[in-house]
Amino acid sequence: MPLRLTALAAALMLAGSVHAADRIKVGFVSTLSGPGAGLGVDIRDGFNLAIKQLDGKLGGLPAEVIVADDQQSPDVAKQAVDKFLKKDKVDFMTGIVFSNIMLAVGPTVFENQTFYISANAGPSQYAGEQCNPFFFNVAWQNDNLHEAVGKVVQDKGYKNVVIVTPNYPGGKDAVSGFKRYYAPKEAPSGGKGKVAEEIYTKLGQLDYAAELAQIRSIKPDALFFFLPGGMGINFVKQFVAAGLSRDTQLFAPGFSADEDVIKAVGAPMMGMFNSSHWAHDMDNAENRRFVADFQKEYGRMPSLYASQGYDAAFMMDAGVRGVKGKVEDKAALKKALEAKNFKSVRGDFKFNSNHYPVQNYYLRVIGKDSSGRITNRLMGTIFTNHADAYVAQCKMK
Amino acid sequence: MAFYRPARYQKPLVIVLLLALLVLPPALDAWGQAFYIGFATRVLIFALAASSLNLVLGFGGMFSLGHAAFFGAGAYVAAICMDNGISDALLALPLAMTVAGLLALVVGAISLRTRGVYFIMITLAFAQMTYYLFVSARVLGGDDGLPLAGRMTLGGLSLSSDGALFYSALGCLALVMTFLGRLAGARFGRTIQAIRDNEARMEALGYPVFRYRLVCFVLGGALAGLAGALLANLTGLASPNLLQWTQSGTLLVMVIIGGVGYLYGGVIGALVLLCLEEVLAGFTLHWHIGLGLLLIAIVLFAPRGVAALFGKSDG
Amino acid sequence: MTQLVLEQALNGLQFGLMLFLLAAGLTLVFGIMDCINLAHGSLYMVGAYFVAAAAQAADSFWIGLGAGVAGAAVLGLVLELSLFRQLYRRDHLSQVLATFGLILIANEAVRMIWGAQPLLLNPPEALSGPVEIGNFFYPAYRLVIIAFGLGVAGLLYLVVARSRVGMWVRAGAANREMTEALGVNVQGLFTAVFVFGAALCALAGGLLGPLLAVQIGMGESVLILAFVVIIIGGIGSIRGALVGSLIVGTVDTLGRALLPTLLRAALPADAAATLGPALASILIYLLMAAILFFRPQGLFPARA
Amino acid sequence: MAEALLEVRGLSRRFAAVDALKEVDFSVDAGEVHALIGPNGAGKTTFIHHVSGALQPDSGSVHFAGRDVTRLSMHQRVAAGMARSYQITNVFLGLSVLDNVALAVQGRPDAGGSFRFWQPVSSEQWLFDEARTYLDQVGLSARVETVAGNLAHGEQRALELAMALATKPQLLLLDEPMAGTGQEESGRMVELIDHLARHVTILLVEHDMDAVFRLADRISVLVDGRLIATGDPEAVRADPEVRRAYLGDDL
């Protein structure tokens, strides 16, 4: 009896997948509450803006976006993803901000053969040995922006650097990325500087009094920090309030120096260098439209997170178009996604064999623009067509 | 309060329910609602966890707000076992119970020296300490928790299908409820219930009250550990969230909704609360307001204490 | 090194004094009314939201702080009259259940009104920089927090130790029935203490707002710390709350800052890196367990 | 003379600044009924608490059946053969009379302990059989199935006695067994205690002087935490210090 029922169930499931292609379901799970919420909200708003510009369709089929909040907690995310996959039977998934959450839900998503288009989290595991045909990253590999900062700090000749980052996979990727280009031995360019201290904080920590006292006693000439969301906002505020900005130059990846942080911190951010693969003042048609429409829609400047969410939607659109709506043909859909038939707001880029982007990274500095507003300004290019360090370990074809 | 006595209709009702649960997974499969097998497993596991708290709170009269520590510890032991190649549930589950029980032994040995508000706060504080200990230990995965590479096996049988895990959880719950049912009428059960009602009198009758309380507390902790280990198998993750004190609060709400000191109180409470969550969360994101108001209403309109709602009176 | 220790000690003092603002109200509610209030942390959260919202509306931190504290006091009054008054006579189970319900309601209500994202609160412009003490810089705003904490502690000392109301409060904590029998308006006293506790919560929330973030759930973790303070200090004792707060604040801050360094000197780097953060984060709980072991009633028990 | 069953030496205890008990030397011989009397607030209940182990003395010692029990907890003293009844009725009001006494039987060291998790108590008939014999002794055999909360006050006092007896004590500490009972009930209680005294040594704390003089073999008088007299009833009645302490009282 159970055997017959299972067969029946299998038949029903088959029947379910045949008529799935009359619309495209996207499961969007992201951090929408707590200190990391700003990031998730920006990705969501960027994604939704793109869907709106596409008249509510993906590849010509009506799009249904189901949103869930992971509360920055792996097990909440797992529950939400389970529901997306088993109950809603979504065609795509996206939205996750933090690598630890990505790593927690990844196996379930891949096992279910559902394409995940990452609009942020780019853990090294999925770029290297654990790379997966169902995982695409439309943003960057975690290390990339940190590598770019490392290069800048190295080139500018700083010698005594402190690193501050949360104690989670993304934080450790940041340290290894930074040190790949700034460190005496491992650095390809062979620098003379040293890392005086690596400080690991709790993820979500907001009071940095103890860390700042430690930094004061070290007296570094440069400080590299990677603290996403509200963490970075508080860190910069308290760093300046403690008077440390007089002796120590701040460096950060673009995440910690984008519009969300600038808006919250204000003037103390001026003069901070950061790296990014995108800037709101990049001059191309897609970007101009994105920045203008985003401001019109939400009344604030877009951040790089928003640009990544925006790109993720266009990537899905291109994929669905490429297979003419037959998303159940996974092999064909994979090929269509790899082809990257859309124009990114950051200019051109292509996918590497591990489904991570090969792209340019730029230097930005925070200052006042012509209208007196504090914002990022594009300074120059740090890397051209830069790939990640893990692609060689990826055996995917 | 009197000693717990099962109602006459209870036994047939439980048997009917058990039979219904046995055919639930294939039935859900047939309806194309396989997702709900996982949900049902979740209910069974929380029923087990809430029942373990009911043993401590309802039967033992110990108002612990730190039960989540044992629940979470069980989940971590399951994850560590998987990491170290101990994938047989027959070995891993008893191990989870042992570790959770030992943790309860330490917490209980200190907390049970105090009474009343102190006991509530201290169990709470120890649970929080366990939480921080697990979160700050890098070998335990820190904030991310420990993922399980796969599910356990049961004497060579894989539990990787949702159905198999469902039946395992059902088996565990049935065993535990049978045990608790026997315990309630055995010497130990009568002893802890009498201690709950009048501790000083039991001491004066020659009972080493502290020892019985501690054993009850440890038993509850071990059973919570069992539930935690099962939950880690279901979600594939031993998460520090399981250790948080709000989790203790949720278990407490389950026990109270279901009936304190009533054998199936934890089971009913888990079922009601999780179904409420599943249904209401679909309608509104703000269903917690409704739940909060419900809790306050229960307190305000049951003037003789919450237990009175369920036809019991405080002696 | 001495400078580092000094700075960390100041940080510990600041943290401890803020804990005191929370623990002072809580210990009185527990001590006098024998009522366990899990929602005390929610008052802290809601108070912080009040301050943040008022500060944004008035475009002034100080006006916002005043208005927020007043708002929280009114909320405390409403809660006391409508709910807590009914709870005092109930068993602890009912109290825990009802106040747990309050937490759920408060978190959800805040989410509905202010959204899920944290609110950011900036300190007054004049205090956003550092001041020079001796030969090192310390954030001016943290000094202001310390001043507020000391001020409230002093005020509480004067009120509790010297005034008639304070005498009632102490008597109430030591023996409630007796105080009632002596004709003190215990009902009114309860209300006043509860409202005062709510105001202190909002003051702490508002002051810490610019240092932390005003967000949902901020009250829950701090609530447990306040519990630890009260357990260490002894339920119902203001003096115990102050001493307990300072102990917890200093031990926690210094432990976090210095323990990893100390361990690194004593142990192999690997073991130190694993053990350091873990030990630092549970230090205050170990302390609590130790104090309980020797003094189950805390350091300054209010009841004989 | 037989060796004292209970011997208290130099027992002192201060509460705040008050001497609740001061240098009390006291003994109960095996087989006797020893009454402890004294005005309200003299420290009688405090004294009983120290003998039973509910409180620990500042100094002094308690010896029971030849062994020092000063540091033993209450349940250990019960196990050693000391049982007490309470001044305010203290039984399990929600349980049946039979269950109350069965609990007492079950708690005895020779009953095999209560770490039994599986076998239902209802199958251990002997517990209930034995409980019934104690209920017979106190005259409650007609009320075994009644819930204790529904008993009359005097019956509840009798139930207390049955529970104390069920622990098979060598020494019974009775803290005001007549408290709150009516004329008729207290008469029955005196008979009951008189009957029990044939099997067990009794330390009786009581206000009812008629009862005390009917039952006691020896009487000790406690005033302001100090033992001022010990002796047979006639000697105590004649003691001038006792007369002074009780002036205006029943004596």
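When the chains are written out, they are named A, B, C and D in that same order, and each has its own residue count from 1.
Throughout what follows, contacts are C-beta pairs under 8 Å (C-beta built on N, C-alpha and C of every residue); 3 or more make two chains touch, one makes a residue touch a chain.
Just so it is clear, the structure is predicted and the values come from calculations on it, not from any experiment.
The set of chains in contact with subunit B as well as subunit C comprises A.
Chain centre most remote from that of subunit C: D (centre = mean of CA atoms).
Once the centre of each chain is set as its mean CA position, subunit B and subunit D turn out to be 42 Å apart. Averaged C-alpha coordinates put the centre of subunit A at 77 Å from the centre of subunit D.
Rounded to whole angstrom, the centroid-to-centroid distance between subunit A and subunit B, based on C-alpha atoms, equals 39 Å. One inter-chain figure worth recording: subunit C and subunit D are separated by 49 Å, centre to centre, where each centre is the mean of the chain's CA atoms.
Under the contact definition stated at the top, the residues of subunit A that touch 2 or more other chains are 167. Shared interface positions of subunit C, defined as residues touching 2 or more other chains, are 111, 277. Among all residues of subunit B, those that touch two or more other chains are 135-136, 138. Shown are all chain pairs that touch, namely A-B, A-C, B-C, B-D. The residues of subunit A lying in touch with subunit C in their complex are 32-35, 37-38, 41, 69, 167, 200, 206-207, 209-210, 213-214, 216-217, 230, 233-234, 237-238, 240-244, 264, 266, 268. Subunit C contributes residues 1, 3-4, 7-8, 11, 14-15, 111, 116-118, 120, 122-123, 128-130, 136-142, 210-213, 215-217, 253, 256-257, 277 to its touches with subunit A in the complex. Per the touch definition, subunit B reaches subunit A in the complex via residues 26-27, 29-30, 32, 34-35, 38, 135-136, 138, 142-145, 147, 235-237, 239, 241-242. Against subunit C, in their complex, subunit B makes its touches with residues 63, 65, 110, 113-114, 116-118, 120-122, 124-126, 128-129, 132-133, 135-139, 245-246, 249, 252-253, 256, 260, 285-286, 288-289, 291-296, 298-300, 302, 305-307, 314. Residues of subunit D that touch subunit B in their complex: 52, 54, 73-76, 78-79, 83-84, 86, 90-95, 99, 103-104, 106-109, 113-122, 124, 147, 149, 163, 167.
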